[in-house]
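Below, each structure is written out as structure tokens.
The same chain A turns up in both complexes below, where it pairs with chain B and then with chain C.
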Partner chain A sequence: MAGSSEHHGTDWSVGAFLPAVLPALLFVWAAGYLPLIASGEVARPVLDWVPSLGIALSFLIDGLSLTFTLLITGIGTLVMLYAGQYMSGHKHYVRFMSYLTAFMLSMLGLVLADNLIALFVFWELTTITSYLLIGFDHATAKSRRSALQALLLTGTGALAMLAGFILIGTVAGTFELSEILSQPGVLTEHPWYLAILLLILAGAFTKSAQFPFHFWLPNAMAAPTPVSAYLHSATMVKGGVYLLARLHPGLGGTDVWLWTLTIFGAITAVFASILALRQTDLKQVLAYTTLMALGTLTLFLAFDDSVAITAAVTFLIIHSLYKACLFLVAGIIDHGTGTREVSRLRGLARAMPITTAAAALAALSMAGFPPFFGFIGKELMYKGGTEAMHAPIFVTAAALAANALMVAAAAIVAFRPFWGRGEAETEPGVTPHEAAWPMWIGPAILGLGGLVLGLAPILAAPLVNATVAAILPGGEGYELKLWHGVNLALMLSLATFALGFLIYAFSDRLRAGLAALEARNPIHFDNGWDHVIDGVKAFAGWQTRVIQSGALRVYLRITFVTLFLAIGGTIFAFGAFDVSVVFPNLLVKQWAVILLIVAGTALVVLTRSRITAIAGLGVVGIGVALIFIIYGAPDVAITQLLVETLVVVLVAVVLLRLPYLYPEGKVIHRKFDALLALALGAGTTMILLMVNAGPLDRRLTTFFEQASWPEAYGRNIVNVILVDFRALDTFGEIAVVLVAALSAFVLLKGMKREKAE
Partner chain B sequence: MNSLILMAGSRILVALLVVFSIFMLLRGHNEPGGGFIGGLIGAVGFVIYAISCGTASAREALRLTPETIAAVGLGVALFGGLMAAFTGDAFFTGQWLFIGETEDDKGLPLSSVLVFDVGVYLVVFGSILSLVFAMEEEI
Partner chain C sequence: METALAFLIGLLVAAAIYLMLARSILRFLFGLLLLSNAANLVIFASGRLTAGAPPLIPEGADAPVGFVANALPQALVLTAIVIGFGLFAFALVLVFRAYSELGTLESDDMRIAEPREPAE
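== the complex of A and B ==
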């Protein structure tokens, strides 16, 4: 258990409050946009990033992004305050808070970005920071595995999503979301629509843990509780939901969108809420109810009528409030009793009065009782479901099943541990006790939030309306109020409560039954994941053994065969054999250089002494340098000569250690090598002749000749290009030189250590 | 290698080659040369020294490890590129200062481009020596 290994001290310092300051300030900043957004306006601050590629750090603040921003910063403040106490005294406290802050900022970037490329970068930043957070307890194998699983799964999805973004950018002609979404039909009517949709959904579904990618989310509970509270209420997993909502105007409204989201959302919601009953760990129960919530959100984002979208937006806010609260409560229980096992927790209400009250408020909102905000959300879901244009019965049934199971889950999490008859079986030496105020203040505010918004939905209405307008252009949020009169939705609510209580009453028996079923179930997604990873590793091992043989000859052969096939294939494919070879009239010195090179080559091929072969190669190199000098490239010639010199030195140093030149019985290899060398030489000659046959494009040469002096004050064009016009390339190259030298250095030092052992 | 003539000669050679390499570095903007060639020449000087007098003496003469020199060089090159930021230009835009500029003569030109080229020199110089020294010592 996390609680027993982490120390919860009560020593107070500035460090415990400091991390909460940034999110609090950001919350205030974001709240400043409320009047603007409520009046139906949109803000678009822009910062140039890579102007030459049309990529800008542009932000879009509308109802949707503002809702997310407020949730991220608001819940972020409370979670940081909580974590300041929960993690205090931990030896990596500063590291933890830095990760959490970095994650929060990435998440803010994700929801505020107006540019698809920027959105992708922030998306990946949340993936990386969440990897660090989930794997924070890195000494345990379970944490490491969970973190890697989340990283690989959401990272793979994100790559698909990037491909989708690029297709969108190509089709729409811009990467700015606000511009893409203002062209209705530009994506849905394009032939690439299906490909775009599937790629985007791959990203959204993995991030938001939709079936069948759901299994990483419960595993991610290996993270410390504040992380779970933050990642799984308002942030990380809602990233996918945000993307679906954001792209709803551009990609939604088609049959494919409708059915994919309906089916996957419904399956996830029902499947997850049944599995939630199966769990015995508080955090696991909450994890599966999070899956249910994500499924429900996906389900309602499938539609394009305002009631369903209003239901989704309202539920998004409700869920963030109660889920963050309950996760934090689970942490307090863990902290106060030393266990999170549902079966061992009873009657904690007396020892933890404030936590009990907060949990009760959150659970009532979760179960959807009036007058809580959750009730309004549930009514909207039923109204949206029954009035859905397609498959209303299916949607309503899925919502009903999920909601009833949610009532039962709420009772399991927040009723029994506090009010259940009997004594809690705490860890030895732990007396149940209330947490310090920085820990209960968060749950209390979040729990009260659900009640206040339920009593006065008018407070949330402007933001909800603006969000609905962002998801559904021209749409208007359905009126939020507690009492809509006796109607079908109210009847369904009553049925939900009845069904929920029934499930709760039989929950122990249901759990046993589900456990038995699970034992016989042959399909395990989590194990399947291991098989996939094992397969990838095996494949990587196999291809490394095949390609990376370690023998230099094999590498050279592979490289040259590939080069020959590329050259020969291209010439063959374009049928460009008709090169009229006009033999140039060469001067004596040119003939001399050619002779020198040919003689050097012959020496290399024919000799049986390694030192002679190296000398022969040197002759060839010097011949090439002479060609450079003849044609007026002294810089290249000097470099060539110096490199030749150094190569000879290096080879001379290692000469003694190299194996004998021609192992016996390898004549066939020699013949193959000779053939390959001749073929490659012939191919290269062909290419050069073909290049010479056409006129040379001298535009670049002319540009550099003209610009070199007036613009860069240099007469040596080669050097001016290297250090000025193409300085960034040179910088990359010298970085490579340094890395290569360091790698070789480390390898050589390693050899020495191996020898010593 | 125990050759007295080589040992005596290499001491003069290394000094000459290093001076020559700096000459090549500085003239590079207008004549053949530059940081890459200069770095190669300087490295050749020390390689000769290492072969004749041993890598221990060569390392001592260098004072800094070649890896440090190469890493510092990369930093210097980066700094040369970042100098453009002081004037608000794009990354790697050349910045020039002509000391004693008159109508006919540009005077003494100083530039961020030269700083960058010095970085290139140091990276090439350090990387090659790192490699050669390691080979001499390990094999």
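== the complex of A and C ==
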């Protein structure tokens, strides 16, 4: 197969259709739930995962998750079919399709999960697959940067969201969404509510690219077009919107929720639709209109009356249909002409009749013309906006501005390239041509979908109603129909069209004006991102230089200070100070041994002579051996003496070849080191006193005493322990000595060879 | 005597750490030796001290007669002494080799693996 798919062009291999089979089957499976959901029921399949932590793979199929599931699998089928053609002949075709399929499954998990932890895992899986897909063209620096930006930004938001989930789980006592949401007020009336809300919003706003986190989405257009159509318009970026909708019953209904969502949603919607006019690349125009849609969805999720929520749900479906369609069209244009520059595209209608028709259908829905589904959505928005409990004028004005700009954007994307007068300036050697059917079938179905649902909204009504009921418990979807009579919403619609055409007529001049404005604007979010990343790198470099200084003494100091804090902190925290020190009443020989060791130690520390230091070490070693002899440990004492002798011999041999301790001839007093050393010494003494103040568990010793002779036939218990009961340890000990000897041998041998050379 | 030993061990630890923080890695080695002695004494002392009664079983008996010294810490210390020696011997050779390669015993000047950053 690899041989036959090397060349670019029409290649009808099984591989081109195979990826579309899975989403198609899933779509059929999900559609099977429609009757159940329409009757107001929910399904809840459960699979235990980590029962001890209360984490289960439980799924929740209600109106909201079913709507998303149908969009994901339905659009997924069409996009896979499209991509089978679009990417055919690409050397990493299989990799691309695997990523896309992995993404689709993660996204399904996200919207179906009933457990917050599972939801988080799927959420992050979509982040990772999205990273792989944006950076699919990994040879270009722009793709890599965009992919990393999306990953870091949404990943950071997701971590905040995880913290929010954990707080929710703690407050509600469960991670199951269905159980949390069935306890009204449990979150909103809790003192942690604000913290929870802000953490969750951080996740939702980064994922759904709300201002000021919007900039990653246009950059994500570096991905191949099927990815943009699927992830960055129809599905993944709606993950944040999904989360807001899902948690609406638990977190919504407060002033903070209302105002945060209203303000950020409105700013995103208007800001993005103005920037959409500024763009010259088809995909960029679409990316900014996607931002506008996400802002509008957030805006309408702020409210808790059924008209606004119905508007949000309807617009969600409408947007997915037309936006996926237009992205796929942009890909077809790119394929057929070699360019996506708006200014170079003209009069393609004759060359691409089917694509033109699909684009026109989608654009009419996007602009909100009757009898398209988009019209119904827009009427609902105006009705919801004008009847909003708070700030109706603000909401309506934001919706009006965004919608009018949408009309203009729709014309730029779907009118001028096809119907505009003149010839398209294609890439050299490319004649505009229609795409193969697997590529146009998707846009055609999606475009027709907008028309069919507009003519017969009754088809969408059951699903929309069930979704509204999931977002607003006890709420009912507002009636979907084309003609509500002459009312305020209709007037606003007419105003929208008028304003939209006006903007379109002046769009070239507006673009030039915006470009000039942009050149003077000192605030660039995208550049700001670079500053943040540079700052992180500089900080990492600085702290690495501090911690990993490369100086042995610094490492040791850090180690010892940490040790001191651990010991001192523990003693301080547990307050185990119950130690009474009685001045020991010792024999002369005991005093003598102690003084011997003290003197030896002092000698080592204070001397400047190497030989004296060795002598001091020897004295300490012998003193320790004496302690062993006095207190019934002759074997230990013998070993200690032997080792001590060996050490002194070895050191003496080596020292003869090393320089004096202080070549410069002066002693440097180190006050900090001395203090640290004394503190650790005191800590050790403290611990030992505390250990000795407690009772001693002699069970093991008793066992060895009882078992030595009957079981091992040895009368020296220490020896029996070493060679019998703990023989394996002793074997390990021998291995250590052997390894040390071998290593030392290698070190010395290498040195001799170098000298010989 | 345990109390006295506790203070003695504290002194040994303090001296060892002070030496280990010195510039010269030779003094670091001396510190290492003192530290392993101190560690051995800690194990030994925390098993309690019993004077003049080694853990032996006399002929004809199945178990020690009377109260004898704790055998378990002794076995542990024996192992520890030998391993401490292995560590020290290797470290000593390493220091020797490092000196003949680098020509210095100052740890601050041994910067082959992690060179100093050029001054900015």
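Note that the second predicted complex is superposed on the first by the 566 of 757 C-alpha atoms of A that agree within 3 Å, B and C clash if a C-alpha of one lies under 4 Å from a C-alpha of the other, contacts with A are read in each partner's own complex, and residues count from 1 in each chain.
The criterion applied here is as follows: a residue touches a chain if its C-beta (ideal position, glycine included) is under 8 Å from a C-beta of that chain, and two chains touch if they have at least 3 such contacts.
Nothing here was measured: the structure is a model prediction, and the numbers come from that model.
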Touching partner for A:Val605 - first (chain B), second (chain C), both, neither: second
Which of chain B and chain C A:Ala674 touches, first, second, both or neither: second
First (chain B), second (chain C), both or neither touched by A:Leu482: neither
Touching partner for A:Ile630 - first (chain B), second (chain C), both, neither: second
Chain B or chain C, by number of chain A residues touched: C
Which superposed partner A:Ala740 touches (first chain B, second chain C, both, neither): both
Partner chain(s) touched by A:Leu722 [first = chain B, second = chain C, both, neither]: both
Partner chain in contact with A:Ala31 - chain B first, chain C second, else both or neither: neither
First (chain B), second (chain C), both or neither touched by A:Ile597: second
First (chain B), second (chain C), both or neither touched by A:Leu159: neither
Doubly contacted residues of chain A, that is, touched by chain B and again by chain C: 634-635, 639, 643, 646, 650, 654, 657, 714-716, 718, 722, 730, 737, 740-741, 744, 748, 751
Residue numbers on chain A that touch chain B, as the complex places them: 634-635, 638-639, 642-643, 645-646, 649-650, 653-654, 656-657, 712-716, 718-720, 722-724, 727-728, 730-731, 734-735, 737-738, 740-742, 744-745, 748-749, 751-752
Residues on chain A engaged by chain C in the complex (per definition of touch): 545, 548-553, 556-557, 560, 581-582, 584, 586, 590, 594, 597-598, 601-602, 604-605, 610, 613, 617, 620-621, 624, 627-628, 630-636, 639-640, 643, 646-647, 650-651, 654-655, 657-659, 661-662, 668, 670, 673-674, 676-678, 680-682, 684-685, 688-689, 691-692, 696, 698, 700-701, 704-706, 708-710, 714-718, 721-722, 726, 729-730, 733, 736-737, 739-741, 743-744, 747-748, 750-751
In the complex with chain A, residue positions of chain C that touch it: 1-30, 33-34, 37-38, 40-42, 44-59, 61-64, 68-72, 74-75, 77-79, 81-90, 92-97, 99-100, 105, 107-108, 110-111, 113-117
Residue ranges of chain B touching chain A (in the complex, touch as defined): 28-37, 40-41, 43-44, 47, 51, 67, 70-71, 73-74, 77-78, 81, 91-92, 94, 96, 106, 109, 111, 113, 116-117, 119-120, 123-124, 126-128, 130-132, 134-139
